[in-house]
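Each of the two complexes below includes chain A, the first together with chain B, the second together with chain C.
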Partner chain A sequence: MLKRSLTLLLITGFALVAMFTLTSSNAATAATAMAAQGRTLDFVTSFAGQELTAFQKVVDAFTQKTGIKVNVEPVSRNMATVLGARVASGNPPDLANLPNPGLLDTFAQAGNLVSLDWFKQTAVFKEQPKAFIDLGTLNGTLYGIFPVASLKSLVWYDPKEFAKFGYTIPSTFGELLQLQDQMVKDGNTPWCIGLESGAASGWPGTDWMEDFMLRSAGPKVYDQWVAHDIPWTDPRVREVFQLFGLFANDGMAFGGRKGILSTNFGDSVAGLNTTPPECMMHRQATFILSFILKAHPKLVAGKDFNIFPFPSFNSGPAPLEGGGDVFVAFKDSPEMHQLIEYFASVEAQELWAKVNPGRLAVNKDVPASAYPDPVTAKAAKILSSAEVFRFDGSDLMPAAVGSGSFWSAVLDFVQGSKPLTTILCNLEASADSAYKSGAATGPVGNCK
Partner chain B sequence: MIAKLLRTLERGPLHLVIILIGFLWLLPTVGLLISSFRPEANIIHSGWWTVFAHPFNLTQYTIENYQKVLINTGIWRSFLNSLKITIPATIIPVILASFAAYAFAWMKFRGRNLLFLLVVGLIVVPLQMTFIPVLQIYAKLHFSGTYWGLWLAHTGYGLPLLIYMLRNFMGGLPQELFESAFLDGASHFAAFTRLVLPLSVPAIAAMTIFQFLWVWNDLIVALIYVGGSPRVAPLTLTISNLIGSYGEDWQLLTAAAFISMIVPLIVFLSLQRYFVRGILAGSIKG
Partner chain C sequence: MKHRGGEQWLYLAPALIIVTFFLIYPTLVTIYQSFFSFSGIYPKNFVGFLNYNRAFNDQSVLIALRNNLLWIVLMTSVAVGFGLLLAVLFDRVRYEATAKSVIFLPMAISYTAASVIWRFVYAYRPPGFPQIGLLNALLVNMGRFVAQPPVQRPLQVLLALLAAVGLLLFLIGLTRGSWEAIRGWHEGHRLDFVGVSIVAGLALLAAAYLAQGIGAAKPGSWTYLFIPFAPWQLLVGLGGGLLLLVALRDHLWGPPLLPVLLIALLLRFILSQAGFQPEAWLINRPWANNLALIVTGIWVWTGFCMVLLSAAYKGIPRELLDAARIDGANEWQVFWSITIPFMKPTIAVVTTTIIIFVLKIFDIVYVMTNGNYDTEVIANLMVKTMYQFFDFGRASAIAVILLLLIIPFIVINIRQLRAQEAVR
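Then we have the complex of A and B:
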């Protein structure tokens, strides 16, 4: 009995294997047939969820227009692993979007990327802001373009609450400090800050500090800091941590230090519009808009929540920090050229802005009417009038620092469990081993 | 009567501890299950345990998360893809491993122990290290992007442990059995199909569950060898894309997790009577 059922099992097993083999070999031949036509581009993307749906719509419009098929491969958070393996094994995709320019440098230096210098001869090139072209350039060669970006140096607030208490939008850092003191006097909590983000907890704090660095020490020092030309023990870095301490502190942020550490970054913004509001202001990038609408679906952008740029130290226009995905190509083909040109065009970015709230078009000629709501349109206007723009510094640092020790340093600092000197010395030690260049790399800091 | 009562009393603390451990073990899953039936806004504002304040207030439950996951996410296609990947990638290595295990246990040939040591050594090779060299070979053979390549990869990754466990189980069978079989003129094939296979059912069932769960839950091997396009992507990849670039849609993940749990649960429950016996496979060497 047992024997017979086992034989049966074996036979079924082999039959199943044979069946699947047949069906899948058909699929395989279909795939090779498609590749032979040469009209299918392979695009590996890190977009997921709603952003992936939006991206697919932009790509579909391209396929409809040109007849060139694009095979979008979403790999979510496994970008570095998948790309690394596929490039090393000689089977790279045609294109990919990289979450930060640091990865672009890695692939470009290894000679994996195709030069996009031809792009400079196209009509759409003139519509690209210089800051973003520079970010996609390495050693004079253009390797990547930024179709859409997000703006980070923004403060979100509820205009109704501001009107109720007679608060005005601060235009300098001093006014911001006065404003938050006034809020405390009125019995309000100035800020909602949430640092929890699973394994990435702490990253919202790095954005705060990058904004301070741009303002207190200026863009030049910011670049030195990111490149590790100045050590983490530098007094200017220390000042940035201390400035953050003025905001992320008991009494200044909802829930105090404990609340800051345990609240999810996406949930904390909901406090702006609760009744009564948990806080008056929230500092976060454009993408947080979708989180506000998720927490309170009935809110109207511009009426129930609005933005102002995180003010500068003097009265000049605020320096801005942002992020975005850089689109790079691993294989050269006329179809790839068409796709890159399309992504950079007003047409694609207008559509993109429409279907993906919180993403700002980089192309200068995209009209404000492209944005579905007045708040995103305002953010786009702030971005286009920027005099100083810098890419998110922690994304540019080596991963061991920018997505590692810097995050945990933020948490340690807010927790107050270690003295600041120890935190900075630990950071400097991790930077020394993570950076390959940078004037401060090596035994420079005065830590023992 | 009294003895029975005493025994119950004696066992009381033991049962209490078991219940407590079971409760702690299940707690996260129960929380996930309750969260999967709660509206998104509630999940943000309060913990899942707050439903117990009014457990029969039905307005606090919703099936929206399940609806969203099941419609328009391509989850059905990836569900089928997962089956297409998992079934061959379980059956092939288990069959091969049983043959190999028999050979290592009962066939005498030169270098048998050395070969077996080599196979056992392969257990500790991290599979991440093999991606690039294997992909290089696949690129030449035009294997990348096909299920063929993926099955082969899963077979390779599964075999060392399966062979090791099954060999130790089969090696534990009484030697007299084989001696009398061979005396009666049985070939190795007959000994394998008539003696070893029927006796090894518990071990084989247990190994089938292990291999099935491993392949079903795998994300990275599939991603590397067949890529992420929805046409071929397994369930794990589609689910990981649901969550969104900023993790903003994690409430969908709660529902999706339960959908992906169904198949492993069916496999486990239908094979579990073998599993308990089989889990001892290889624990005592004969």
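Then we have the complex of A and C:
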């Protein structure tokens, strides 16, 4: 009895010692590799939770491949403040991801960022869509790359219904207007629009208007509008509201104006697949896929619902609106080059798309098999063929406008409770006090 | 009594320290901050009275002030009025404790939960689709009932009439005792709560049905409440009113019947507004949505008023009431000349308490509309400016304005409390 337990103890002890030796020898090898590479990269990131886990997995794969260690440093709050403080104290990280290109401009103009022009000579450069290279470029110098992004300018529809009525996917804005008129003629309701979102009610409308601005006035005016270089009372802004009125209106959207205002954004998409369908189309970002499946769990992506890009005014590829993180470098080193190149590669992005569903790879060559379903794969394809890509403008505006008066202006406009001129004048007044810069700040004509 | 050197401060110190750190210091910082332009990132810029200047020129602040006034007037008067009515009436009811608990129950629910509940009550779906909101579902179904043309469906009408008469007879038989009790109300009999409810409910239905008329519904206008009475409806109304007056004078059926008629009138108004179409209650500005929010507040607060006022009512010496009755005073006279004067201090405290709560109203608006469609109130605007717009200076200025508005009511409240204690 005693003997047996002694043997057991011995065996266990031996196993433990063996395990320990094995692990320590592994660690030793890694340490040697690290010494050979010489440098640990410091990466400050705003990713958190599930996104951080996914990002860490992508980075781990890099370390495994190259032996270069990357110290991922999550910053849960206000990237701008933290990075600003570190740059000012002479202790910037090697790399960071910035939540929007506005911050890239700020840091690049201050001379804090390292030029990534060398990236244009690499093999992976050809796999990057021009729109995203443009977005990471300031005054002809490349400062940032976009590995993954999200996409907003999408129209969701039920292919079965389209086939039943013989509708074709519109490739221009004019065709879209014709299509919705045809739908009305057939007794269908073209759109499901839901603007209710609790304390954030109105935001889905701002996405519509941003898409219109990109199409009717172009990306240059879009940037001016976001930066408040043109006032809200500008006729081009007015046109954007009027265009939205062609869609968010009685007869055009399910439930009319009241229905639009009282339907939750997440519930409204369910109308595509009810029997009979409440509407034919729904304009929303990629994330709405999970809402569709929540409302109708048995639906099959691609068969029961699909997407097409919100068409452009001419027949060219549609300008796209979305979001994403731009990766920038504060310190130059060969290891940083390797990491940037890695993030831009098919390998990294394919892994990323797999571990973080919903994120679309920007690289054109990432295969469709990286995505869980054909609809997401299609969204990625639309994204990577972008010629113009812009960030959600309301997210870039000061919160008092972009998450305040713009939202309520959308609601007021859809309700029709105030004349458009009043709505725009109120918006301009709030922008006037919220923007610290912008050429349009100051007294404006037409308003009292 | 003589205090030895500063000993009282020793006892006061803990409370004083807590109040200083958690109340006085933040208040002073808020006042200080209201003179700066500050977005959470330094530097702070001194801007003088700019934040106040902006506050009073800002459309949303003006709307918020208007709405707070509306809240004060409507919610205070209705919550205190209902509370008083219920406190006095329930005192005569057999199931007093149960009835009071039911009315008090909303007070036990958090405002956020109450707001979520009422959001469902007001929920809107487009016409022709199943309504998930209680109010719209009632409305649409009632519309279906009224819209059935009686001439075209004689059999159905006949059956419905027979059923109604049968039910009425049954209920009268069931509540015969209660009926007597209602008639004997002025003689100090206790009312039968269930009986009163059943009779009131039936009267309500009948009144609503009659008042609506058939096929007369025309939605959307305020004046509809008064104008499109057909002559025969006017006659019936006048005759009914005359009969009611007689009844009131002779038998004092007033208390149970008056609210019933008021509710019927209100119902008719709501129906006429909506025309049996589902309505987006939380969106129709500026009255429907603000009223919808205020009703939620009333639902929550009536119980609180009732409990406090009920306690005060029970504190009135019974001999006084009995003496007045023996001297020949009727119930109204007793109510106005004895009950009300005795309860005055409590009513004042309850009223000022409600006013203070109403000035600070936040949860209901935040959850149900977030101030959209002209339903903004000061507290919600303050939170929005602070945590959504990160404009600390303006948020502080709004907070100071709110504080200044509340202080007078706090002073009145404390004075009344002292007066009340002095009476005891």
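Quick note on the criterion: the second predicted complex is superposed on the first by the 262 of 448 C-alpha atoms of A that agree within 3 Å, B and C clash if a C-alpha of one lies under 4 Å from a C-alpha of the other, contacts with A are read in each partner's own complex, and residues count from 1 in each chain.
Heads up, the rule we're going with is that contacts are C-beta pairs under 8 Å (C-beta built on N, C-alpha and C of every residue); 3 or more make two chains touch, one makes a residue touch a chain.
What you see is a predicted model; the values in this text were computed from it and never measured.
K.L.:
Taking the superposition as given, does A:Pro235 touch the first partner, chain B, the second, chain C, both, or neither?
P.N.:
neither
K.L.:
Given the touch rule stated above, what does A:Gly198 touch, chain B (first), chain C (second), both, or neither?
P.N.:
It touches chain B and chain C both.
K.L.:
Using the touch definition from the top, say if A:Glu51 reaches chain B (first), chain C (second), both or neither.
P.N.:
first
K.L.:
Name the contact category of A:Glu73: first (chain B only), second (chain C only), both, or neither.
P.N.:
A:Glu73 sits against chain B, while chain C stays out of touch.
K.L.:
In the overlaid three-chain picture, which partner chain does A:Ser433 touch, first (chain B) or second (chain C), both, or neither?
P.N.:
Second partner only.
K.L.:
Using the touch definition from the top, say if A:Ser89 reaches chain B (first), chain C (second), both or neither.
P.N.:
first
K.L.:
Taking the superposition on A as described, I'd like to know which of chain B and chain C A:Lys294 touches: first, second, both or neither.
P.N.:
first
K.L.:
Does chain B (first) or chain C (second) touch A:Thr81, or do both, or does neither?
P.N.:
both
K.L.:
Identify which of chain B and chain C touches the larger number of residues of chain A.
P.N.:
B
K.L.:
Thinking of the overlay built on chain A, is A:Gly416 touched by chain B (first), by chain C (second), by both, or by neither?
P.N.:
neither
K.L.:
Taking the stated contact definition, name every residue in chain A that is touched by chain B in one complex and by chain C in the other, in rising order.
P.N.:
Looking at chain A, the two contact sets intersect at 81, 198.
K.L.:
Using the touch definition from the top, list the residues of chain B that touch chain A in their complex.
P.N.:
Where chain B meets chain A, its residues are 40-41, 44-45, 84, 87-88, 91-92, 95, 128, 131-133, 135-136, 138-139, 142, 144-148, 193-194, 197-198, 201, 219-220, 223-224, 227-233, 237, 240-249.
K.L.:
Touching chain B in the complex: which residues of chain A?
P.N.:
Residue list for chain A touching chain B: 2-3, 6-7, 10, 13-14, 16-17, 20-21, 23-25, 27-28, 31-32, 44, 46-52, 71-78, 81-82, 85-86, 88-91, 197-198, 266-267, 270, 287, 290-291, 294-295, 297.
K.L.:
Given the complex with chain A, which residues does chain C contribute to the contact?
P.N.:
41, 54, 59, 123-126, 129, 280, 282-283, 285, 366-367, 370, 372-374, 384-385, 388-391
K.L.:
So in the complex, which bits of chain A are touching chain C?
P.N.:
Contact set of chain A toward chain C: 81, 198-202, 254-256, 258-259, 261-262, 278, 398-400, 403-404, 407-408, 411-412, 415, 417, 426, 429, 433-434.
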